[in-house]
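In what follows, structures are represented as structure tokens.
Consider the two complexes below, in which subunit A is the common component and subunit B and subunit C are the respective partners.
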Partner chain A sequence: MLSVRDLRVSFGHAEILQGVSLDVGDEPFAVAGRNGMGKTTLCYAIMGMVPVQSGGVVFDGASIEGKSPTRVSRSGIAIVPQGRRVFPSLTVDEHLRLVSRGKNAAWSIERVYDTFPRLAERKGNGGSQLSGGEQQMLAISRALLLNPKLIIMDEPSEGLAPVLVDHLIEVLKKLANEKIGLLLVEQNLRVATSVASNVAIMLSGRIAATVPASQLSADEALQRRYLGVSTGSH
Partner chain B sequence: MTLEMFATVALNGLTVAALYFIVAIGFSLIFGLMRTVNMAHGTLFLVGAYAGVAVFYPLYDQGFSYAWIVALAAGIAGAAVFGVLLQVTLLGWMQGQELRQTLVTIGISIIAADQLLAIFGGNSQQFFPPDALFGSVSVPLVQTGHYSTFRLFQIAVAAAVGVGLWLILHKTKLGIIVRAGVDDRAMLSACGVNVALVSVLVFAIGAALAGLAGVVGGTAQPFGQEKDVQFLLTSLVVVIVGGMGSLPGTALGALLVGMAEQFGQSLFPTYSVMFTLLLMVIVLAIRPQGLLGKRLT
Partner chain C sequence: MSTGNALRSSSALVTVSVLAVLVALPFVLTEFWTTNILVRAMVYGIVALSLTFLAYYGGLLSLAQMVVAGVAGYTIAVSVPGAIPENSLQIPYSLAIPLAVVLATVSGLLIGAIAVRTREIYLLMITLAIAVSFYFFVQANVEYLNGYEGIRNVLGPDIFGVPLRTPYVFYFVALATSFALYALVLYVSGSQFGLVLQGIRDNPRRLSALGYNVAHHRIAAFGVAGFIAGIGGVLITIYNIGISPGTVSTHSTISILIMSVIGGLGHPIGAFIGAVIFTIIDTFAADLYDRDRFNTLIGVVFLAIVVASPDGVTGLAKRAGDLLRGLRLIAPGAVAADPTLQANVPSKD
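Entry: the complex of A and B
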């Protein structure tokens, strides 16, 4: 579905992505890695939100590198960015109306409210008045209403209470069953390994290894080496 | 200061505040959505006023009774077209490069000022208001007991612009898009919205309002070539005081600047300009993002 080839991104003299290649198929695919390794930059580069120096991104057979975020979004990729980036001036309902593709689309506003009843309760609240968990639901709903073929999620579990992390895992599994592709950036290994079948490990702007999720959750030495964790969550 | 004098000065302040609001709100929305400091915003005022002049006198001289309405339409349309051309041909390509946009718009304003001088000459001009808005009406409290009908109309126009924009921003899909873009332009784009197109639309609205102000302001008072700089600086002060990109902020900023200016002129004529600047300095010291502005990141 999505194929990234030798992608390079620099900010000034610092080369943040030093030739990243990865393939996302129909199964959820996760990217893990310590802070500052370039995971968010990778998400934004695919989405067209930061300029790309070289390399290629092919989505659904079409080349999308160097395209504007508008064009990338319209080609069928949605993003749930790190920090959620909900719009502080918009109410929950306005967020949904902004991206809604109508009643007959697979994901409609009604379906979002059915799936996340909490958002229906907070309909009239502004984006900045929501709790972290509510903002995350809203950011995911905003992506779903675009009815994308692939969703890029950047650390969705960040800052969520443990019960909400469990809820998040359920939601992500459901999306996978609906055949929505998922590129999941996660430092929380429990989330990454319970949702994705393969996990790529990012180290200093490169993919150091791609391993099956089951192998990563079993191999503590591997976790320590690349992720600096020993318990499976940080 | 007597009560009559106070009421008169306050009404004068409201009148100029109304005009400042109509000009500055476009400047504020353009900055809010595009982060473009449009140094040619005063030029849009002038383009609107002279587009109005170009059609007004020929029609007026023939005794055409709707000359003013046509001039108003020409002013709005002329400024809107100028603004759209500016955004499409120049500024759109430099999105995100604020310094370059600032310099380019300064250049445009200098070139446009020379062209307008060459075409329309240096004499000051004024529109005659339509009969219904001519003369004065009786207003209690103010000195002489009468106040210019057209100046009251100017206040009504500003109120209509404010309410209309509020309805657009809060009751329409376009409004949702514009507010989202003011918050986070890149994220809005990642939601599939064609932000470049929305930018052109917002530029058109902001420019059209400056053109509207050109004809309305040019009816209330004579105007000349120097108005571009004056209205640019006033717009800057208004949005610095009220907060960039905020509709209520711009209204509040315009009100404070208008009042400071008029009360300053009547109390301390020699130092009146100090009042406006003092207002700006105080706001910058205690609330750098403007009274109702959001903190910029």
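Entry: the complex of A and C
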């Protein structure tokens, strides 16, 4: 579905992405790595939100590198950004109406409210009045209403209480059954390995290894080597 | 939600009662108050409304709204019969007015296309430059626009056989137009287009990542504002029985900005409240204070309003309303206890 080939991005002299290649198929795919390894830059580069130096991004058979975020989004990729980025001055309902493609689309406002009843209760509340978990649901809903073929999620578990992380895992698993592609960028290994089938480990702007999720969650030595953490310590 | 419905129906009630009072006013007030204060406030208030619309929903503060109004005003002035100096077009008002509004909308779109890449102080400077150039252009153009003197005797059309400038008739036409445009702004702000604009104001990068073309939406917002200001420009020209460079001078441009700011940029009604306050002070300051120095009085009053409430009169009303509601509904300490009532720091990208 999405194929990234030797992608390079630099800010000034700092080469943030040093030739990243990965393939996202129908199964959820995760990218794990510590802070500062270039995970968010990778998301932005795919979306066209930062200039790409070289390399290619092919989505659904069409080359999309160097296209504007508007064009990339219209080609069928939606992003749920790190830190949620909901609009402080719009209510929940206004957020959803902003992106709604009508009642007959696969994802309609009604379906979002059915899927996330908590959002229906908070309909009239402003974006800045929501809790972190509610903001995350809203940001995911905002992406779903675009009826994308692929969703990129940047650190969805960041800043969420452990019980909400469990809920998030359930939501992401449900989405995986919806035939929507998922590129999940996560520091939280538990989230990455329970949702994705394959996990790419990012180290200093490169993909150091791509391993099946089951292997990564079982191999603590591997976790320590690349990530300096283990699922046990989380 | 029940509180939302109650709030909506109570605000509808306020709107209906304010309208009823406005309909009754000309029968109570003297003709001077109706024509020289209220009609003047409404026709200029419409231009201020276009500025408030751009500023609040689009986050775009433009000083070129009087230019757009001037385009509409000059269009009818150079085309209708009866105008002095006489023109060769002689187009009836029924065609000249729609033409004027269309040209104003187009010039709004053009200004938007020029200004769309700039923000904040740079947008202000570009639109100010456009306003100043337009002023000098109309002043220098003697052949078509009659230069410094401008064009006189633009009397307006007849409405059902009665001249538009008959005091009552003009009042109700201005009122109906103002209300329709106010309703238009509220409607647009709740539509998907309006929500996208507000999203762009909050975070343009996010909106482009959601698949919206930020530049196109901003230009379209300038077009909507141009349509509103164009209608204002038509009414201003008929109100003044003509148009001259003074109508589009920097002084007028700043007056429109002052109306919007003292009324408050946080709600479209602020434009009209600001226009009424501005017109009253502008009319009576010369009587109250030394004839040579009445501008000082005007300045002091505006300063006082802005210092007391940076978001203008509507901001003041909003805070007073919140305070009253707070006293009635929420026990002391409830705000601190309920995290949903505390405003978080808005997220930025």
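Simple rule for what comes next: the second predicted complex is superposed on the first by the 230 of 234 C-alpha atoms of A that agree within 3 Å, B and C clash if a C-alpha of one lies under 4 Å from a C-alpha of the other, contacts with A are read in each partner's own complex, and residues count from 1 in each chain.
Going forward, contacts are C-beta pairs under 8 Å (C-beta built on N, C-alpha and C of every residue); 3 or more make two chains touch, one makes a residue touch a chain.
All values derive from a computational prediction rather than experimental measurement.
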**Prompt:** Do subunit B and subunit C fit side by side on subunit A after the overlay, or clash?
**Reply:** clash
**Message:** Per the contact definition in the header, classify A:Met37: touching subunit B only (first), subunit C only (second), both, or neither.
**Reply:** neither
**Asked** Of the two partner chains, subunit B (first) and subunit C (second), which one does A:Asn125 touch, if any: first, second, both, or neither?
**Response** second
**Item:** Winner by number of subunit A residues touched, once subunit B and subunit C are compared
**Value:** C
**Request:** Would you sort A:Ile151 into first (subunit B), second (subunit C), both or neither based on which partner it touches?
**Result:** neither
**Request:** Go through the superposed model and pick first if A:Met1 touches only subunit B, second if only subunit C, both, or neither.
**Result:** neither
**Prompt:** Which holds for A:Met47: it touches subunit B only (first), subunit C only (second), both, or neither?
**Reply:** both
**Request:** Quick one: classify A:Pro88 as touching subunit B (first), subunit C (second), both or neither.
**Result:** both
**Fill in**
Footprint intersection on subunit A (subunit B / subunit C) at 47, 49, 68-70, 73-74, 78-79, 81, 85, 87-90, 94, 97-99, 142, 146
**Prompt:** What residues on subunit A touch subunit C, complex-wise?
**Reply:** 47, 49, 68-70, 73-74, 78-79, 81, 83-90, 94, 97-100, 123-125, 128-129, 131, 142, 146
**Prompt:** Tell me, which parts of subunit A touch subunit B in their complex?
**Reply:** 47-49, 68-70, 72-74, 78-79, 81, 85, 87-90, 94, 97-99, 142, 146
**Request:** Report the residues of subunit C in contact with subunit A in the complex, numbered from low to high.
**Result:** 1, 3-4, 192, 195-196, 198-199, 201-203, 205-206, 208-214, 339-341, 343-347, 349
**Asked** Tell me, which parts of subunit B touch subunit A in their complex?
**Response** 173, 176-177, 179-180, 182-184, 186-196, 294
